[in-house]
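Please go over the structures that come below.
Next come two complexes built around chain A: one with chain B, the other with chain C.
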Partner chain A sequence: MATISDTVGTRVRHHDAIDKVTGGRGYPVNVNLAGMLHGRMLRSPYAHARIVRMDIDEAKTLPGVRAILTPDDVPQVKYSPIYFMPTEGLACIQDMTLMGRTVRHVGQPVAAVAADTMEIAEQAAQLIDVEYEELPAVLTVEDAMADGAPAIHDYTSGNVAVDETFETGDPDAGFAAADHVFEQTYETQRINVCALEPHVCVADVDAYGNVTIHSSMQHLFGLREKLAFVLGLPVSKVKVVKPPYIGGGFGGKLDITPIEPLSALLSMETHRPVRMALSRAEEFVTSNKCPIRIRLKTGVKSDGTITVREASSLLDAGAYATHGSTVIMVHGLFGYCFTYKCPNRRWHGRSVHTNNVTSGGFRGYGGPQASFGVEQQIDEICEKLELDPVEFRIRNSHSEGEDHPFFDGTFTTYRFHECLRKGAERIGWSDRTAPGSDPGPVKTGIGLGCAVTWTSNCTAQPDLYEHSGAFIKLNPDGSADIASAAIDIGCGQNTIFCQIVAAELGIPVEMVRMSSADTSNVPFDAPMHASRGTNAVGATVKAAAADAREQLFRVAGTMLDASPDDLDAKDGRVFVKGAEIVSVSIAEVAARADSPLVTMTRQGPQPDATPYRGTIIGSAAMNPAVSPIPAGAMFVQVAVNTDTGEVRVLRAVYAHDIGRVINPAGAEGQVEGGLQQGIGYTLMEHTQFDPETGACLSGDFLDYKMPTAFEMPAEIECIFIESDDPNGPFGAKSLSECCLIAPPGAIANAIYNATGARVRDLPITPEKVLRALGRL
Partner chain B sequence: MALTTLEEILQPESVDEVAELLLSHGESAMVMAGGTFIHGLVARGLVTDVTKLIDLSGLGLNQLQTDRKSLRIGSAVTFADLEGSETIRSSAVLAALVDAVSYPPQQIKNAATVGGCVASACPYLDLPIVLLALEASATAAGSTGKREIPLDELFVSLFQTSLNTDEFITGFTVPLPSAGTASSFEKIETTANDLSIVSVAVRVSTGWRKSRNSRIFVGGGIGEVPFRCRAAEVILDGSKLEDEALRKAAGAAVEEIEPFGDHRASAEYRKAMTGVLVERNLRQARARIQ
Partner chain C sequence: MKQKVTITVNGEPTEIWAAPHETLLETLRNDMHLVGAKQGCDTGGCGCCTVLIDGQSRYSCMTYTVTLDGRDVTSVEGLADNGELDAVQQAFVDTGAVQCGYCTCGMIMAAKHLLSVNPKPTDREIRKGLSGNLCRCTGYHKIVEAVRVASGQQEAS
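Our next item is the complex of A and B:
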């Protein structure tokens, strides 16, 4: 697709690239205020206990200690920490308390200290003496649901936080019509987001009780709302400062953690700014990707037509409901039900409390957990029925123009079949051999996994608010500033927004900047999550730029003596359509509007001819009309050592339909990063806990394994099958989560194609491969 | 957390000065070479009372020297130095050294030293079992002078060596047997930043038609100190290093080790992989004999 004015569709280097690789001051972790104190928390060593008594006397006397908070000192209001659900939202389970008197997982904070240094605070926290009454703990979903299991919360029955079903058509008739029924269970593990910048915040409360807070998070207004709610303040008393960028979000910074309210309370107590940062070990006991076990039962005709799809999913929510209660729904509906076509569908999902660490948000939000099972089962079906897995997927997936199975509206653009065909061609699908064909112990294989019908910007449904707002201001030098609450969480959002605004205004992309903002001076924006940045925020900044452009043309019209309707802009100039020589620079127009210029005449200073005065500002606040559907197909080639079970990904081809690609360089980066996360998720990452005590066993990067550059394939090919979606800015849909949804199934299928070993639980460690091969 | 108790980094200029500092500061001082292992210990809160680090970088211990009978490795020689040494690269006897240092990322190779790797007395590290298989000895310097410690007498238990409080390692002597000897090292790890799940180093020699003086050492999750597979060595010695002998030796190694299971790998997997790695290494070493 053609580029627009060298802005949209061009490989633009991220504006903050140099800043970031040199440890940029914009990271919230680098916020340093004068007189700042440091806070640390004391955490529970027990998975389930009641606090009987706390003694802080010794800790208080340590020199340098400024304040100590125990459960007695903090509000005991119950809340849901999720940013993207209003506190009063219907789907919200309010079961969390900031430092309650009952602890429900190992590592739950029970006290907080502010001191002159982090080390003193840590030392003081360890001097706090806590007497606990241990309660029976349940560490597996089975134990939690068993008869007579101890209740972790009083609002549930059998510790089940969410119990939902979804059904269409007549599943029983579907099974009756099937020639074959396939039934398997697939299990995914708990992994950590591992953003390189940990959760960190600095809270500063002034003499009037106004809270100003800096934080590494994905949602400015979510933090404002939740913090105000937990502290019992009106939102006007809380100001959240937007970070220029953060060191990774990936869905792990979509909820308020204890550090924001605790640092605010410590700041109120001490009248000093207070910084709190989680250590890496603390990150592992704060939030992890939801582990889900999914049992799939699929009926198929011998020709490969699916007659019924049925599934049951069990999610281990951990101590608090939070994301688990929404991940289970996204997993069931978007990850499972709406992917492959079938009139008869039935799904049953449950999110269950245990005394494990609380499950949280993570790129794909339940999608990868579903696709790991769905994509493998398709290959298992195809092998039995001797069908080609590419053709099977094409036969059973939607086509462009069809009605969406859930949303009002259609698949306006949807090039999934082209993704499959093009990717298959590039990987050499037709040369695929039968499992175990390679001579020698190292065997190679090719596998396919798909992100079939994902969604840009969540669902655009009422309770999941997805709206955006933005201002665009033109400066006298012809540059433009964007003001928006949308946070660049590492995907290059700021650069994309600058490209969109530049294209809309007809100025070079270098002339557009994302300005600073806080909750008091920009409109509401939903979190940077759910693959929504490019599509939803992009559409809003485009609308705001269009508004600014209208005013630009109105002023320029007076300068060019032309009707605004006859004007256009490009390369920094406004010109008369059809007579480009009649033009004026955007800088001159903006300066004219902005300044009190007068024209000197013989009669003295005279006002110039422009009646419109005042800075040119465009604004927009809007909701995305629909959620367009991106899709992707990933093909990988792996090598498996059948003596040791070790797996290497040798090559990856990823074909995507994400609408128009705004910044190809950034999009490729997303795909490569997603693959790296996918390799980690599929082959090695696992947040592990002691099965007896619930204590974390993988609290640092020595015991928690993430792929390094050494584990990445030498060859990664990104193919973008571009479409022009009418609902996106310049035709753009979205990308991010798709990148992590496809790899688990693709890699698992490739391992099977190489060896004949089918591993249905993640991570696929060398040990599991050997066991599946019957060699251990 | 940083090493909060640290008061000073001392930079002695002679071996005697280091011994004096160790003697006067005792347990509150710790010798630092590349710092990679200390960094890991500190990050895990395992270094608590150290107030002084003694930096060995100013002692000139970064030399590699060979004569006809032995290789001398200064304790401050880095992994990158070893990997870049043409003498070592071209030697079948010393090949396992290059094998071992080829695993880590370049940043570690540039910083980590041979002396630090051995003195850490961590069974998960790679060079200790290579030096054991090569029958190396460590030179220890202390307030009363120098002494040679055969490497199999150096490792006492986890993080514990037989060095006295005032002693540190200045270097290693690796004997260079005549032609007909070769070594090999291989390990299983999850990523390039990992500690080994199992690691194996071997050295084989062909004497007058028969193998002799074989060495097989296993590291990783197999115990507090590296394990020598003596039963496997007995099978090899006197054999012709034929396939059957290598297989039997590997089988014997599997029988004689008692690895543990943890969250990184089960004991069963470690046992099975020891067999795979012993056989692979023996084949590799055999192929390297000139």
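Our next item is the complex of A and C:
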């Protein structure tokens, strides 16, 4: 692993690790304000209904109840909750109301209570009497699109929220030119984000009507804008406090939930801080990945060249459009344009309302759903045409230096082919045997899946926030503080930013800290999402540090009697290039800039000649130059018990091109964690709902199974094929989402290689394996 | 009606008045302001609230405080000695086993229990021993490594 400086490229320990192993006080879940009340929601038991009457009299009389909100008490403004787009962005479907009088899924909030304790609030919520008029509900995409289906919203036709197509080249000519055409349907399920810290917030409204809010979320300014919009306040009346860290995001905390505005309204009513937290059961009706069914049709030449790809994707958005309306678009791009070249494409994507829970964002944002189909179909093609799946992928993918097919510019650094070759070598690809070769009932197999993303940073996407801002301040002891709205959601972002700033300023990484912030004192930053932390925020903190460095050299120049242009810095000292002995410590320079007008010396107080007075600070507010293009190839080995249908992942080799690695331990953590989510998505997890009522059937971790340490393979090999991307901070690109895009296809292909069983719908449960083997 | 119990918490005998249905997790977090044990599910499914009761790892969300009279409770706050980290805590830091960290305190307590009954666990034993604790960030890879390091079976990388 290359080391650029003492800090970038090294396994720097996470800055907050000691805090987290000794108690972790910084999570929003721990915020506890004096006089704080506790809020609970009452939720609808019906999938589709109109509230006819509500009676809160009995609930109100319960001792300890301080306020109750019903739909009559809350603004009925329609909004889109997604943080990464302004509410009035063109692409935003505004179909959600804080607490409307029509409920569209089981679990939609209909009332909220604030009380002295959580227990009283819960009791009071149960005492609220609601009379509903039940409406016909549709719980499948087919039923929702059928003629005469009940309309869930009045703005759609046939309940279709988004209906988009794109076409490049001439798909009909592509099919005419193909020697073989393959067509299959792939189906992906709803899974839950399962961030271990549930959604939680504390809202505190002061005597002037200013709202201060703490929340476990991925975007400070998104929450400010949405909360102000829902409450009808100017943004300056809302202050969102940045948590030191949150207990996981993964895309599940990219939108305002009812708890933030409800807590604020309850706080306005009671003049006390109000805390609301979701229970785990509530999480299961809040943050779920979009289920998508994909019909995929690909034309190829006998030599393995793709001539055309046609796909149609049907997404169950659930009750409200929100992420379902944007995931479908990213899914279209991710799935059918990124990884493989294809001269002719046609795609049709629809996002459809049902009376299921609202579909949300989750790492990969439509990518894993697409790759499950694309990566499997490639193997199906290769088997029929007797082609090697690694060579097929290399033949049909982009190369470094090529023009980008959709955006301006080129593939500046792109080592995808090396990822494939290196990964194949490490897993032992050349020793791969034909399906079902192992003699006993337990059969092993190797599979491959790939992930390429072009959407990190969301650069140049209409209506999407992409910009960042940061301040850097030097302290008289030679340390530096970063102030930024970018939130550490668990990937070690704060550590990476500190590494970047340390490298830029030439100080030890221990001397850099992420300081506290809120929306009133730091510049805007886009959400911590879309794999953008290291690349986009990293570039911004680097630019801010470079700005501070310029000021540092200006002051140091007066102390060293040198031109700032002749200076450099490392190990906490500023020195004259070529004459390192002529140097001064950064602490002395920062102290000089911050000092009063005389300087203490051994000879006593001396007049200070420094012409530059004032704290050394740097700032930057900017767009990322481009969206980086990370790529990955994942190889897994599985064992399938053909008597029971059980699948175990034995080993994973994941080769990535992410540009320069800033923190190898952090990057490995992304890959290893992505595999946990990938194994869960592919083999185990499924948020299930009663097909008759729409009620959640898997509302806790006893009924919803995700991988524990026991289900994970002991061997996970992370390979990073490094390069210096000219657009990234110290050459770094991006990573996180790749890690969850490749596993579904890779594992499904490995199951096939082991047994000859092809399963095209997730999760691949033992029952489905046995059915595919003809044994059930 | 609240009942009085005396529980030794992190070495200190403590008188606690608790309602019959109050869980140890609530007592620790709300009454004693020991927030290391986290609330993740309240149904004994995630392990974020794991503490040691008489040296055994237990979900504090599934334990009623009033049942603990005379018992000994250790939470993660009881591990570090005068600011010096316990070997398991140190291994979690050194191996990069901490990402979002929400599971970490519970995971460390589960590992403490495991190592107290099995000082040199195999990889499989470690995975089995931690299987009552969920993590969504790390894939458990570096957590397992941390336990190996803490048990002296491996050097931190």
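Descriptive notes on the structure:
Simple rule for what comes next: the second predicted complex is superposed on the first by the 756 of 776 C-alpha atoms of A that agree within 3 Å, B and C clash if a C-alpha of one lies under 4 Å from a C-alpha of the other, contacts with A are read in each partner's own complex, and residues count from 1 in each chain.
Here is the rule we go by: a residue touches a chain if its C-beta (ideal position, glycine included) is under 8 Å from a C-beta of that chain, and two chains touch if they have at least 3 such contacts.
Since this is a predicted model, take the numbers as computed values, not measurements.
In this overlay on chain A, chain B clashes with chain C.
Contact with chain B, but none with chain C, is seen for A:Thr644 once the two complexes are overlaid on the shared chain.
By the touch criterion defined above, A:Tyr245 reaches chain C but does not reach chain B. Of the two partner chains placed by the overlay, neither chain B nor chain C lies in contact with A:His180.
Within the superposed three-chain model, A:Ile489 lies in touch with chain C and out of touch with chain B [touch as defined at top]. By the document's definition of touching, of the two partners only chain C reaches A:Gly669; chain B does not. Between chain B and chain C, C contacts the larger number of chain A residues. Shared-chain residue A:Met706: touches chain B and chain C both.
By the touch criterion defined above, A:His14 lies against chain C but remains apart from chain B after alignment on the C-alpha atoms of chain A. By the document's definition of touching, of the two partners only chain C reaches A:Ile716; chain B does not. Once both structures are placed on chain A, chain A residues 279, 700-702, 706, 708-710 are touched by chain B and, in the other complex, by chain C.
Those residues of chain A that touch chain B in the shared complex are 118-119, 122, 279, 643-644, 646, 684, 688, 697-698, 700-703, 705-711, 765-767, 770, 775-776.
On the chain B side of its complex with chain A, the touching residues are 1-2, 4, 40, 43-44, 105, 188, 190-195, 263-266, 268-269, 272-273, 276, 280. Residues 11, 13-14, 16-18, 20-25, 27, 29-30, 32, 193-198, 245-250, 277, 279-280, 489-492, 665-666, 668-669, 671-677, 700-702, 706, 708-710, 712, 714, 716 of chain A are the ones touching chain C in the complex.
Within the complex formed with chain A, the residues of chain C that make contact are 33-36, 38-46, 48, 76-77, 79-80, 85, 89, 92-96, 98-105, 108, 123, 126-128, 130-144, 157.
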